[in-house]
């Protein structure tokens, strides 16, 4: 897999942290915390909305959510970098596993995966 | 930006959900919750470790963390798709803002950004 | 305020950790992480449910959620203890602030607090 | 168990929500999300600190954390109320289980519970 886009961002984030002497703060433990905080800022936008409303965010709200998604991807890329994990390969492997775990003919029309929180 | 890799995964995740009739569960509200749950499974691996230990995970632990990172990216891509957000562009715009907000000469050697949780 | 119940649990949790030499793991940083992980285990039970379904959990699911709520309270009490915070007083002070911040006549029938995520 | 303190807060929170017509937003699903968001605001204060620093918060920071702990307890009490769960009894039952699960003589000096994230 080519994986050019994430690699470029990864490199830019590395240089950003190094130039500012901020690598010292970026232990995997700390980055995992920061990642969870950013995701909660996404959740905060949706917590009192109905599912229907969450599908139809007003423009200004959507712009705010976009920034939180960006922050989430940024910390996710940083954390993967620190752990030497190739994010895209990991995701593709996991999707393959899911495709085997939930064959279409059995899964279709069944919410069991969801009601059982597997 | 070319953005080919994430687009391919995005398309595969769409087809996966559609083929199983699972789109009905994938409201942005629900996907935000699922995303936060996956990230907490990352945090769980690090909660009792020192920062130093978090930099040196044993192989089996690292493999588990890799799977959680994969799940996190998967839900992040799904959520962005539902909101029509281009993840890579959003991340690049945010990095640009950060580069302006924290100029190297002022940020270097200062932990202010971190101690103030800006 | 008498606060007898939480104090008794607090004392029991202290003795539990001390007897096992586990105080060394219970820094506020680590306890905050553990608290967030427990809360995510609550969220996990609700992530794919409609709001209506979340009001009518089957008995076995409810018992699982009860255990997660217990774990959450346990870590919350531990964290407050480590920081020398009186949880009940803090909660009562915050409720008082909320009562002033959202006067009934203005708040009634308005979802503004919620739609604005204040 | 007498449980007077939490009961009083619970009653006050009920009246607060009813008087403002806010019960409509307080489904268990939504309250679980709000709870997780409040806990993340605790985590945010600790994410870049060392464990040692997290034990010695400056006064103003500590006051902010106190408010987040209060919010967390408030949503935890609300959620338990909606699910008809007695928080204190649940916590005491869980502590009893933990005392049996981790006998002192086996647990002492062992970090196994922690390194294995049981």
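Labels for the chains are A, B, C and D, by order of writing; each one numbers its residues from 1.
Keep this in mind: a contact is a pair of C-beta atoms (placed from the backbone, for glycine too) under 8 Å apart; a residue touches a chain by one contact, two chains touch by 3 or more.
Everything quoted here is computed from the prediction, not taken from an experiment.
Of the chain pairs B-D, A-D or A-B, the one whose interface repeats that of B-C, sharing more than half of its contact pairs by residue number, is A-D. Seen as a C-alpha superposition, chain A sits on chain B after a turn of 180°, to the nearest 5. By the residue-number overlap criterion, the interface of chain A with chain D counts as same, with over half of its numbers used by both chains.
As a whole-number value, the distance joining the C-alpha centres of chain C and chain D reads 2 Å. Between chain A and chain C the centroid-to-centroid distance comes to 26 Å (mean Cα coordinates, whole Å). Of all residues in chain A, those that touch two or more other chains are 25, 30, 33, 36, 39-40, 43-51, 111, 114.
Those residues of chain C that touch chain D in the shared complex are 1-6, 9, 12-13, 16, 19-22, 25, 27-30, 32-33, 35-36, 39-40, 42-43, 45-46, 49-52, 54-55, 57, 62, 65-67, 69-74, 76-77, 79-80, 82-83, 85, 87-88, 90-95, 98-99, 102, 104, 107-109, 111, 113-114.
Against chain D, the residues of chain A that register as touching in their complex are 25, 30, 33-34, 36-37, 39-41, 43-44, 46-48. Remark: chain B residues 33, 36, 44-45, 47-51, 111, 114-115, 117 touch chain D in the complex.
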